[in-house]
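I have placed the structure first, in the form of structure tokens, so that the comments after it can refer back to it.
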Amino acid sequence: MNEVIQTLMPWLILAAGILVTLLVSVIRVESKRPAQFSALATLILTGTSAIQTLALPGEAVFAGSIEISSLSRILLALFSLIGILFIMGGDRYLTKERIHLSDYYHLLLIMILGAGVMVAAKDLVVLFIALEVMSLPAYTLAGFRRSDSRSNEAAIKYFVLGGAVGAVFLLGAAFIFGATGSTQFPAIYAWSRQPATAGNLLFAAGHFLVLVAFLFKVAAAPFHFWKPDVYEGAPTPVTGVMSTLVAVASFVTLVRLVHLPALDTSGWESYLSAVKGTVRALAVISLLVGSLVIITQKNLKRLFAYSSISQSGYLMLGVLASLNPGQGISQVLVYLFGYVFAAVGLFVLLAQSEPRGDTGVELVDLTGLVKKSPLRTALWSVLLFSMAGMPFTVGFFTKYFIFLSSVGTGEAPLVILAALCAVVSAYAYLRPIGLMVMREADPGAAQWSGGFWSQFVVIVSVILVVFLGLMPNAMIQYLKGIPLIH
Amino acid sequence: METSSSLSFLLTIPLLAMVISWVIPKALQRLYAIFGSALILGLTVYETAGILFSATSEAAKVFFVDQRLEWVSELGMSVGFRLDGVSAWFLILSALTTLVAFSTRGSWYRKQPRLFVSMGFFLLFALNSAFLATDLITFYLSYEAVFIPMIFMVGVWGENQKASAVFRFFLMSFAGSILMLVAMFQIMSMHHAATGQWSSHLADIMKVVPNAPVESLLWPCVGFFLAFAIKVPLVPFHGWLKEVYVNAPMPGTIWMSAILSKLGVVGVIRFVIPLFPAVIKEYQGPLLAVSAVSVIYAALLAIRSSEGKTLLAYSSISHLGFVMLGLFSLSAEGSNAGVLLSVGHAVTSAMLFFLLHQVEERSGNVDLSTSKGLASNYPTLFSGLFIAVLASVSLPGTLNFGGEFLVLLNAYRASALCTILAATGVILGAVYMLRFFQKLGLGTPGSANHADVALKKDLSFADLLMVILLVGIVIYGGINPGIFMKG
Amino acid sequence: MTAFEPWMLLVVSVVVFCIGLLGLILRKNLIVMLMSIELMLNAVNLCFVTFSKMHQLLDGHLTVLFVMTVAAAESAVGLGLVIAMFRNLRSVDSDQIQLLRD
Amino acid sequence: MITSMILFPLAGFIINGFWTLWAARNGSRVSSRVSGAIATSAMLAAFVSAWLARSQLPASGSTEVEIFRWFTLGSLSVDFKLRLDALSSLFTLVITGVGALIHLYSVSYMEEDEGAGKYFAYLNLFCFMMLNLVLGGTLPQVFLGWEGVGLASYLLIGFWYREEANVSAGQKAFVMNRIGDLGFLIAMFIGYKYSGSLDLATIEKVVLPAGVGTSFVLLVFLACTGKSAQIPLFTWLPDAMAGPTPVSALIHAATMVTSGVYLLARLSPVISQSTTGMTVIAGIGAATALITAIIACFQSDIKKVLAYSTVSQLGFMFVACGVGAFGAGVFHVMTHAFFKALLFLGAGSVIHGLHGEQDIFKMGGLKKKLPVTFWTFTAGWAAILGMPPFSGFFSKDEILHQALVSGSGSVILFSVLLIAATLTAFYMTRLYWLVFFGGPRMDKSKFDHAHESPVAMALPLVVLGLLSLAGGFAGEPVHLPHPEAVRSTPAWIIMVVSVLAAAVGATIAYRRYSAGAVSPEAARDVFRIDSIYSSLFGGGLKATASATQWLEERVVQGLIRLVAAITDLSGNMIRVLQVGSAQAYLLMMIIGLVVMVIYFLKGVAQYGNF
Amino acid sequence: MDFPVLAFSVFSTIAILGSLLVIFKKNPVSSAFALVLVFFAFAGLYALLGAHLVAALQILVYAGAIMVLFVFVIMLLNQDEPVHDLEATGVIYRVVAALSVAALGAVLIRAVLSGKSPVPAGSLTDEKIASLGGNMKAISEQLFTDRIFHFELTSFLLLGAIVATVTLAKRKSSGEEGGV
């Protein structure tokens, strides 16, 4: 049991931290600071512990319910980092919006726990429960501005669609169970190793339904409709958490689920090509929807929602590449890491705005920012450049890696389409910069103000983006060494 | 001199200049920029002298400097630079162009001069890096890095329609360069498939790619070609050019026309032709035709232009059509001639735009619909402009003649028809350039001018020095063009 | 119909699942929508139990226990959201929440 | 010596050029006398050098001086070298000699003009370029001179650049020359392709395949039609009279316009290879001679008459070249240089005397007022008419002779030339009579103020008059291979016929214009060639340019806008789906799900059991 | 017709008709009662399959707990007038929805039928279960051995749900705007 505790240490710290945070906030109800510090401490400890144990070998615990491997450890560390950054960066926004409650921290921690378990799960049922552990707080956080009907709306849409998709996931899990007789990944994998199982429609249907749930979570078109609305309605730091934490956890899980059966077994060729065809279609649709609609957007949160839809498209290219023999999932991981570093900064920056009226931050609020705040303009520009995949930002290498591995696996036409979509969406990313630099401030433009911590988070994010834009080798090297767990 | 330290030196000096510019007082920025770029020009000449002024092209080969650093080895990216006869000239040209661009006067020295000067030096750095690159990714990155200062140029100090100009410029160039990136990936994958190693260095790639079957190289070649065709630009990929040239501030226009367009030229010389010889050979006819059409098409547009900058913009396309004609004649001679003409075009267009800027300073606009008759008020200015016009129409004895002549001479062996078609551009060039000069300088003075025109002085002494330097290059190059042809 | 076989229940379960889905698509009353989700989850439960029977396993039964818990938690949160919305809008009609759109 | 010949004018150009620029910058003026003196002495020195160089010409007939390596590229290497032989020597003498005289003349002519410094700089530049043209040892160098004289011509035609018309005339000259230059360029490419060199010495010897040879000859001749104002590119020359008169004398009569003849003579071994080409040259030459002679009869501007006359005389020379008698052509170049320069300078003297009057119907009776001019002009008149023993007689007679007897000659050529000669006599006599005889037809005060030119102007007139008188006795100055005579017509018959023809023409003119009051004739645009050209080519170019502009704005820019619009539209179309209702989202997701799951399952089952 | 077939027919008919009632009843209270009916029918089906523990929990958790929650909320919100929401959508929308869902159903049924007789992965036949001490005992043993992690994770799910619900439902604190 000691070994289990040691292996599970980061998760246990997190779980304990949740309880401690709950306790301290119950003890001192009138202030949210204790909860905040406790949450920060929990996440710092969790992250440190996860990083410390990175080198340990992977191990399945609890009768194969979860496997703690380098993948899940590094992701848990990333989730902790996201949590820390959003706790620091969201502070001012929450105070400003008068929703600074300790519940924010509880829910955030529980979300991180759900995400951390989800990426480690080796059982479809565990996966489902973890998904719900992550999602229920997410629904709630989306509706966190309780007196704002937009926030309510976002939460309810997210909840209704998420609930339906959860049921779809379960149905898929049931089908897989029906076909294979197990819900555990290794058993399913072993089952698929038998050539006679190829072409099993029940399994195929179940597999597809399971994937749909995560396609919905990562908002790959045509399962993306919820995203712009929910992004717009949710409080900005929560949108940030959704776009980073939820997206990364869901995408990693999606990749793992794609590789649920052993696709390289002989007899499974037609299955593999059907998977590839589907992923290809998803990539094309996501890229087109994301990059064509993004240029019509005026609301920045919606803009980033469509951005994440097109990011899903690029990631689908990565998934497609991973379906080829000898290809790992490192391109996907690198992309996700790069995306997270930029997105954290972007959403914290977005939370610094104080728009007049309740319509959210529009493009017009950015006009003339360079005069008001040159530093903020520079930060915006770097982060948007990274989103657009410009060189010397991490966004370049992430796209680069995806494209390189896709071209290497013979998907050049798709890469060309993706490249053209990148050009189209580059317009959407550069237009804000244009407005900040070239336009005089609109009289109705929002004021911008961020506290020290908020600005600190943005600068950390920018430093990461630029540093990794110049020296990505170590990160890529490390992530390349991480195996996909079946 | 012939150590790799000269390479890093050439690359770091502009960066250093950029950093220093942030501590120079605003009032001194112009002076600093001019002296700084002049110093860099001098240092560049000094550092590359071993290559440029050795007696023969064989001797020059000794001075090749190659440098390669590992970078993102996980993705097969390295940083590779190489100084040789071609890149040395383009380095000098970029320093010279920067000097000319910095010598202008205007809002860029009043509004955020620090940003302007530092962006200028950064542009110089990016250009140098692109000209020296022998690694695909290094080249791509430098190529993209050039955008950043250009976007600032147009975006911050541009004219009325700067926003739409910036976007059009950016999107078209970006579309081209990202397709080039995909093409790079394609050939890197080919290299990977053949050797099992990821590498983006030209020396590695060259061992594998040029021998691959033509069909598999067609699309990568198209990717590269499109990027450069947009950059140069060749008709019909020039849609961004006019709007950008007209809306850019004058230094931006100088940079763009004189040196940015050469990125495409260098790209074709360094990448397209060596990497895809078979493809280019197969499509030589259409490529020559496109170049010839560029010459004529742009010349006809220039004839219809009623504004000085527009006219020069189109004339730029027309001349670069000649350059491409030389490159696509697919002979070493044609290529050398193309480089020579590139040098000529760079110097000439820098000079033309610089002097046009001086004219604009004095008359308020460079409208060509009525004659301005300014020549008698500003004799030295217009003498310089006239020499630039002559160089632009490739009069023998100027730098451009050698280039254009040799380009056509070699192209004729490849395709008589395209050469003859392109050569008619010589006539059209005379038509529009003389009209350009006539409308600005000749005719009744003061008929369409601001009242205060006569109050302004002729070229200042410093500007005169600049003009003399450029005229000197143009004439010297006309007498001894061989110096520019040791590729 | 000669004899009862477990797969017949699978058909029932899919039908109920689809009815739940249809309800979710057609109804505007958020509480009924939540009920539709419950229907879907129930259908899945039936599916699990049936497959469990077919495979001669108890895993499906265990799964159902967890699904029930999740369903309970989900309904609690869902109803909480509905209440929060009702506080703001005095309605549980989902047509009232179409502010966020393009 | 050869090098110094070209260096003197260059030095003159540089000194005068920089001085003028310096002065203009400082707002001061260049003394026309000093700058004129510099330029003139440069030309004199060049003349002396040319003379010495000729005297040092070796027996082998040619000498080459390499100055520097111009450019090298692959196997091609082009030197900057000067090549002197009999042919180029003759031209250098004419250029420097006549040039020096005209410079001298200009010192006085341009005395009042504030742009004199610039003028002399340009004039020196012209001579430098012209010498390059005739001394060039390689085709690119000849081309350098070829374009260089075009440039000088452009500058000098538009010398008074404040008048739009002058500038436009210069531009027209430059552009039309450029059309010819295109022929030169392509001819060079052909030459290089087949000989592998651009050296004149090599090109001269090259043997071209039949079809290529013809196109080579025609391209070279295209270049000549531009520079030497032959059909179809002759219309710039009359307009070029917008420049100062000495310029017309030097550039547009004596030297530059004859460079076409020089080029043909220089390349005569290659040219002779193509009979088709030769026939075209002769035919065009004859047609030009006749047509422009007709036009000249209807001109009233003294310089325009002389200009058309020049074109016509150049036609004669091209006929000579076309029938293979290059020597005769070159001979006529020389004599024509003397008498036509003389006539122009004389005309300049008249214009100077009348303070700018150029209409011959507003002159008359100037014989007394301008005696030196009159007498020298008379020599020129006689020479152009071909009166023995004046120089023109010998050369023109030679051409007529060759046109008839040589292998490619014919009676038709001969008769055309004869008619042209008659017409020449007519319009020259008309001019001569209207200017110098009869009563004055201008204002009284103008007539009274008419004055003979100063010595500096008179001296060149006298020298040229003497040369016009005696120049013919030199005989054919250059011995170029002659065509074989196929018809044996005695030379004296032709002499008699030609003199008679001239006499007839002169008599008609005399009878028409000597009788009492002459009613003024407005200049008539007989063939309307100019307007046809401008509507055809100018209009054509404009139309093409407009079409291109349309293409650019509608198609190219339109395409860009279209792509942008399509992107925007499709974005907005997809956006429409974002209706805001969770149920609708779910429905759309389900539709997507159904489509994809069917696709997926079909793929899995490979259309088998699904 | 033997008992299982009869039971199956009755319970599944009730389940399907009840489900239809749930979604087509205008009044949410009626829907809720139809849902209870469905829950009971499902319990019957579970019993038919020998899943006694599940059947019992179905009644206890669903019918007992979740439905009470629903009814409680319906009452709390005090929706007097029935919402005519079915008519609020267009005919085309309804037809498209029905067709899509039917298509999905068809595909899923096709998939399910292809796997209607799998090779059993386990060996826990009814007799074996009985020998292990019955359904409930066998499940419980597994629940607290192999599924202990599921169990613990579920506790965090419930914790999250509690926090979430409290957050959503509690009265606004003084720092916040407005209030209910």
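Lettered A, B, C, D and E in written order, each chain numbered from 1.
The working rule: a contact is a pair of C-beta atoms (placed from the backbone, for glycine too) under 8 Å apart; a residue touches a chain by one contact, two chains touch by 3 or more.
Computed from a predicted model, the values in this text were never measured in an experiment.
Chemist: If you apply the touch rule, which chains end up adjacent to both subunit A and subunit E?
Modeler: Where subunit A and subunit E share a partner, that partner set is C, D.
Chemist: Specify the chain with the shortest distance from its C-alpha centroid to the centroid of every protein C-alpha atom present.
Modeler: Centroid comparison flags B as closest.
Chemist: Most contacts: which chain pair?
Modeler: Top-ranked chain pair by contact count is C-E.
Chemist: Among the chains, which one keeps its Cα centre farthest from the Cα centre of subunit A?
Modeler: Taking each chain's C-alpha mean as its centre, the farthest from subunit A is D.
Chemist: Determine, using the mean of C-alpha atoms as each chain's centre, which chain is farthest from subunit E.
Modeler: The chain farthest from subunit E, judged by C-alpha centres, is D.
Chemist: Averaged over CA atoms, how far is the centre of subunit B from the centre of subunit E? Could you give it in whole Å?
Modeler: 71
Chemist: Using CA atom averages as chain centres, what separation in Å is found between subunit A and subunit D?
Modeler: Each chain's C-alpha centroid was found; their separation is 77 Å.
Chemist: On a C-alpha centroid basis, what's the spacing between subunit A and subunit C, in Å?
Modeler: 26
Chemist: State, to the nearest whole Å, the distance from the C-alpha centre of subunit B to the C-alpha centre of subunit D.
Modeler: Centres of subunit B and subunit D (C-alpha means) sit 36 Å apart.
Chemist: I need the residues of subunit D touching at least two other chains; which ones are they?
Modeler: Counting only residues that touch two or more other chains, subunit D contributes 575, 578, 580, 582-584, 586-587, 590-591, 593, 597, 601, 609-610.
Chemist: Mind pulling the subunit C residues that touch 2 or more other chains?
Modeler: Only 10, 17, 20-21, 24-28, 34, 50-52, 54-55, 57, 59, 62, 66, 70, 73-74, 77, 80-82, 84, 87, 94-95, 97-102 qualify.
Chemist: Where in subunit A do residues touch two or more of the other chains?
Modeler: 125, 129, 132, 136, 139-140, 143, 146-147, 156-157, 160, 164, 168, 171, 175, 178, 181-182, 201, 204-205, 228-229, 293, 296 - these are the residues of subunit A that touch more than one other chain.
Chemist: Check the chains against each other and report every pair that touches.
Modeler: A-B, A-C, A-D, A-E, B-D, C-D, C-E, D-E
Chemist: Within the complex, which stretch of subunit E touches subunit A?
Modeler: 107-108, 110-112, 114-115, 118-122, 145-150, 153-154, 156-157, 159-161, 163-164, 166-168, 172-173, 175-178
Chemist: Which residues of subunit C touch subunit D once you look at their complex with the stated criterion?
Modeler: 21, 24-28, 94-95, 97-102
Chemist: Considering only the defined contacts, which subunit D positions touch subunit C in the complex?
Modeler: 575-576, 578-583, 586-587, 590
Chemist: How about subunit E: which of its residues touch subunit C in the complex?
Modeler: 1-2, 4-5, 7-9, 12, 15-16, 19-20, 22-23, 28, 31-32, 35, 38-39, 42, 45-46, 48-51, 53-54, 57-58, 61-62, 65-66, 69-70, 73-74, 76-77, 79, 83, 85-86, 88-89, 94, 97-98, 101-102, 104-105, 108-109, 112-113, 116-118, 120-125, 128-129, 135, 138-139, 142-143, 147, 150, 154, 157-158, 160-162, 164-165, 167-169, 180
Chemist: Within their complex, state which residues of subunit A touch subunit D.
Modeler: 156-157, 160-161, 164, 168, 199, 201, 204-205, 208-209, 212, 216, 221-223, 225-226, 228-229, 270-271, 273-275, 277-278, 281-282, 288-289, 292-296, 424
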